[in-house]
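What follows is a pair of complexes built around chain A, which joins chain B in one and chain C in the other.
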Partner chain A sequence: MNIIVCVKQVIDPEIPPVKFKIDPEKKEVVPPPGVPPVISVFDERAVEAACRLKDKQGGTITVISLGPEKASEVVKHSIAMGADEGYVLNDAAFEGLDSFGIAYVLSKAIAKIGAYDLVLCGRQSADWGSGQVGSILAEILGIPVVTLACDIEAADKNIKVKRVVKDGYEMVEAPLPSLVTVSSELGLPRLPAGMRIMIAARKQVPVWKAADIGAEASELDKAHVEITKLSVPTRKTECEMIPGDSPDQAAENLAAKLAELL
Partner chain B sequence: MDNKGVLVIGEIVEGKLAPITIELLGAGRKLADELGEELSALLPGSKASGLAKDAIACGADKVYVAEDGLLDSYNSDAYTQVAADLCQKALPSVVLLGHTDIGIDLAPRLNGRLGGGLAMDCLALSLDAAKLLVSTRPVFGGNAHAEVVSKSARPQMATLRPKTVPQAKRDDSRKGEVIPVEGKVDPSALKVKVVERIKEEVEGVKLEDAEVVVSGGRGMGSAENFEMIRELANVLGGAVGATRPACDEGWAPMTLQIGQTGKVVSPKLYIAVALSGAIQHIGGCLGSKYIVAINKDKEANIFNVAHFGIVADYKEVLPALTAKLKELVSA
Partner chain C sequence: MSPVNATYWGIPGYAIFWVLFAVAFGLFAWRLRFLFRLMRLGKPQNRFDHMIKRIKTMLVEVVPQWCNLKTVTRKDIAGVGHALMFWGFSLFLLSYIIFIGLAGGFGLSSVIEQTTFEIVFFSILDIAGIMVTLALVLAAIRRYIIRPTRLEPSGEAAIILVLVFFLMVVNVAVVGFGYAAHDIQASWPPLGSALAGYLSGTGLAQGTLEGVYQGVWWLHYIVIIGFMVYIPRSKHLHILVSPANILFRPLGPKVELEPIPLEEAESFGAGKIQDFKWKDLLDLYSCAVCGRCHANCPAQLSGKTLSPREVVLNLKEHLLETGPELLAGKTSDKSKTMIGDVVTEEEIWACTTCGACQEECPVSIEHIRKIIELRRNLVLTQGKMPESAQLMLGNMQLRGHPWAGVQSLRLRGDWTSDLDIKVLAEGDKAKTLFWVGCTGALVERNVEATLAMTRVLKAAGVDFAVLGDAETCCGDPARRAGYEFQFQIMAEQNIETFKKHGIKEIVTTCPHCYNTIKNEYPSYGGKFKVVHYSQLIADLIGQGKLKLNQEISARLTYHDPCYLGRYNGVYQEPRRVLQSIPKAGIEEMERSRKKSFCCGGGGGLMWIEEQPGTTKVNHVRIEDVLKTGADTVVTACPYCLQMFEEGIENKDIKDSLKAKDLVEIVEAAMKQS
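Now for the complex of A and B:
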């Protein structure tokens, strides 16, 4: 089975809020100094899903990441987890793309990679979280899409996907090739270890420019949405510390307060 | 611009309009009035006709009913087909969906097919001076809010987070038109098939519906200690939540994870125990009316968003808190 996984490098979402700064003029988030960017959590679980499939029935995993040249780090991380090949898609023309633009570039890279059975994406990115790229990509590729997967089983010509819904799960069958977006409920991704880290460190990660994948300027220039304002919501919450001479006392005072509120 | 009007993609739950659909009709009515255009709704499934009068009473000028048994439960391919067909014929300027199981799956696919401009998980919808839809959505786990506008792509689409706007006021004297959607879903075009639906049995109250949510984080330390969260939730008739690290440790099932990577809840009372308040977690509970934090670290970020706090080891607070509340609740 040939699997292509789309991964994104993002600002570490676990940073303490005091380190989170925006540039309201540019409508951008300022990368916190000294905090290395990471693979988007959902994408890492998409790589994990691919590795589990490969463990069971073999095949190849190719990872692509649209982003700065530094995104080779998340490609290498994916290779250390178990992926075989990886490419970074980087071009000045790829900067500031919306979901349509990103999906278009990914579709062109996938066309260049060639035959595939399954494309995996995270359900959304951990930064802007637009939650659309996978579905638009499937529309461009003309293949079925199953979103919010927490488990994927593959047979010969189809896959069975367990997907997360509000009050439980759905089991969905889709023919191959298909695109599946992966949710965090898939479970913890494996930690890269030993030989795999060595393999990844030595692996060449080619950078593909717009011309390499035949991405046309006319398609890249089409903005479907624009961000007109970026702001940090002011949280006026003034935390009232519940008094008490002992934790027990504070707990009783809090209980009284809560009984009032409810 | 040829596109006109606001279209709400409705959802039917247990034979009634879903609460989010009634919220969307309220929000959609406002936008339509400001635009001086019509509000329409699409109702899918064999119960659609019977509910058209409800949609009209809630503000719709036109109700498109797609009466087809294949639409009774959600199928991504079937819904995309019907919604895309309608949008291509009716050419709405604005399309609104709920940020629900259905909307999360349907909206981006529909947008991919129509080539519109979509913003997901919106907290507010308004119009700018040029009467373009401005959708406000959380980004970076709720750390920032972005306003999203689609200058030329149509339709302008948004999924609205449930319970962010009030429900439409019902007026049974309102008049409207009911239009059957032509054509049936072509079963051979359905590539993706739902073969089974498994309801996760949740003890007690469902997280999303709960008035009270008690959440535990990494600081709980063990599965045994996590029981104290359950006890407190039980006393308050509330639901149990957890942070991603607590779920990853296996102290709580993944389905109880609250935050950007899990469920978004907006209860009346949210009690955060032994959790630092990572941004991605807070993104899932900021809509709560009151947040209470119990943490031994007074610098923990959770105190920046909490309304009430106790700086202490939770092990010394929860037993007394649970006991006292039990006493007050039974009184």
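Now for the complex of A and C:
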């Protein structure tokens, strides 16, 4: 099974909240100095899902990442986990794209890669969390999309996907080729082991520019989304003590209050 | 008139002597050959360097029995007993060679018999015999009546005690009956001639005495050569092997870990018994089942299933079981899996690598490197490890340090702006680097110690620089957890950084960084002068550059970190520092210096979950602290500090006990009133 996985490099979500800063003028997040960026959590699970399928079915895994040149690190991380090849998509023209633009660029890269059976993405990015790129990409590629997967199994020419839904799980069968977005319920991604970690560290990751993948300026210039305001929410905590003569009474009062609020 | 000269049922004594010897020696040599061939299944390892030094060490350890005398404490003087038995039995062995071998088998009895040499030697033997018997009796009382934790009643132990006692008794009988049968009047050797005197007085016929003499003589001989057959088939194999084990022990760091060569291989670490090095296998033969490792292991003492003794013995059994098939070139499917059946994963992940086992072991077994080789196999080949370990190692790989959810950033954060420290930028050079270590840079409580350290260094006028965010973890947690390739990447990266900035000397506050950079980085191409800050501060005080004038009214106790103490022998300097504080008194814990009890943070265990349902190692150690009555426990390691803080929090004793880093005490003692 030939799988393509889209991965993104993000600001480390594990930084202490007090270090998270934005530039409200430019409407951008200011990367905290001295903290290396990491692979987006859900994308890492997507790579894990690909590796699990490769373990069972064989095939190849190709990883692509749209981002700065440093994004080669997340490509290498994916290769250490089990991916075979990877590319970074980097161009000045790719800066500030919205989900539609990103999906377009990825689709051009996928076209350049060639034949595939499955495309995997994280369910959303660990920074902006829009959760749209996967679905839009599938639409552009003209393939079915199954979102929020926590398990993917190959079944003949199809895949069986276990989806996370509000009150449980849903099993969906989809034909190949398809696109699946992966959720963290998939489980802990594998630790790069054996020699892979050394192979990946020494790998040279090719960088593709707009011209390499035939991304047209006319498409890249189309903006579907405009950010009007970026702000850090102020948190206000209020504490109301619910009275009660006895623990049972307090519990009743609490339940009533909750029913009122909800 | 040696019994060998006589004829028995028409067969000359010489023939019987030598046939018996040939059989016994054959069985002995056959077994040794088997064991040697098994050992050779292990991977190559160069322990043949500096042979003169090695031989000297071996002689010093073995002949004056320093290997055992160094284990003697007030509570456990068995080492003295063993030394007596060793010296005593060495004399007996010599006597067997001379008086049975040369005098008997080689027919030189007429030359040796009744000479002054013989009389003197026999007299010494009598005294040695009494000493050995005394040691045997005490040994038996310890093992079967007192029953200390480390000793289990065992069949093999009973056999040897009985056999040796038997030999002591028969040795006297041989002389006694021999003298009586040949009417030799003598007063030396004391016991033998006393027995002879008694026997002469009983009026037994000369023929009877002669007969008994011959019987006792041959019985003595058969037991001795039987011993030779028995030794390599029991734990007493250590008699033959342990001097070699001491000869081949590591000359450098006590835990010798090798980088894994970068060829594509199917398997890393030790997954099968022959994946170990030959010295690892020799270790298995050397174990005398003394139990000292078991009785000092913090994992074992806090209720974990891990016992270093059991690991060694189970591996030995496994080697002997699978050996014949391996020698025949077959791999057995029905045999037990080494990781899983012989040593369980639970045991493998319980080790804090504290080194107490190796410190106690009289025969220089290297327990720790075996555990790490097993971990390498689990992590690098099988991809199997506890979730807590995987999370930590994932962080090492992704973030370059083991601390996720950090509470403070590396030193290009807020606080350096007040402090005016030199942070090395691209192209800068510096001679002395203050290596902070990931814990000291990222964990809130430990950052306090780091800040104190910078203030102390500046006050003492030390010219130093820091790396800031170019510093990744030294790699120690990755290496101890078996994630060797990640360690290699980090070591190479750090070494390159050091070289780029022209660093010559590195000062660190963390014993793990100290140990790793000092002892392990050289095999990755980086040799630097590495100093632990306690050594630096002791020096500065000695040079008068630091004055500790302020009295400290706290009652202190000092906890020796494993990686500073046992691993690197730094016991004195932290104490010297504390003792130079006016009115400061250290209340030593019973388990201190090389007997220090681990805090539970090493070997990756700072992150790896301990076996559920057992006491946590740091909670056991805190009891030691509380026993001293101290109100402050001082340590010189960021893991130890964290472990004590956790223990204090857990036991809710914040009001009565404080945990401090040594540098914090130093700073407090520096303040002008």
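FYI, the second predicted complex is superposed on the first by the 236 of 262 C-alpha atoms of A that agree within 3 Å, B and C clash if a C-alpha of one lies under 4 Å from a C-alpha of the other, contacts with A are read in each partner's own complex, and residues count from 1 in each chain.
The criterion applied here is as follows: a residue touches a chain if its C-beta (ideal position, glycine included) is under 8 Å from a C-beta of that chain, and two chains touch if they have at least 3 such contacts.
Note that the structure is a prediction, hence the values are computed from the model and not measured.
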{"item": "Partner chain in contact with A:Pro16 - chain B first, chain C second, else both or neither", "value": "both"}
{"item": "Partner chain(s) touched by A:Leu148 [first = chain B, second = chain C, both, neither]", "value": "first"}
{"item": "First (chain B), second (chain C), both or neither touched by A:Ala201", "value": "second"}
{"item": "Partner chain in contact with A:Gly96 - chain B first, chain C second, else both or neither", "value": "neither"}
{"item": "Contacts of A:Arg190 with chain B and chain C, given as first, second, both or neither", "value": "second"}
{"item": "Touching partner for A:Gly214 - first (chain B), second (chain C), both, neither", "value": "neither"}
{"item": "Touched partner set for A:Val35, first chain B, second chain C, both or neither", "value": "second"}
{"item": "Between chain B and chain C, more extensive residue contact with chain A", "value": "B"}
{"item": "Footprint overlap on chain A, where chain B in one structure and chain C in the other make contact", "value": "14-16, 188"}
{"item": "Residue ranges of chain B touching chain A (in the complex, touch as defined)", "value": "76-77, 100-101, 104-105, 107-109, 111-113, 115-121, 128, 134, 138-151, 153, 191-200, 202, 206, 208, 211-212, 236, 244, 248, 254-255, 257, 260-262, 268-269, 278-280, 290-293, 301, 303-313, 316-321, 324-325, 328-329"}
{"item": "Chain C contact footprint on chain A (complex, rising order)", "value": "12, 14-16, 19, 32-36, 38-39, 77, 80, 188-195, 197-198, 201"}
{"item": "Interfacial residue positions of chain A with respect to chain B in the complex", "value": "11, 13-17, 20, 22, 27, 29, 41-42, 99-100, 103, 124, 126-132, 134-140, 144-148, 150, 160, 164-175, 178, 183-185, 187-188, 222-233, 235, 237-242, 244, 246-248, 250-252, 254-259, 261-262"}
{"item": "For the chain C and chain A complex, residues of the former touching the latter", "value": "262, 264-265, 268, 379-381, 383, 385, 387, 390-391, 393-394, 397-400, 404-410, 412-413, 468-469, 483, 485-486, 488-489"}
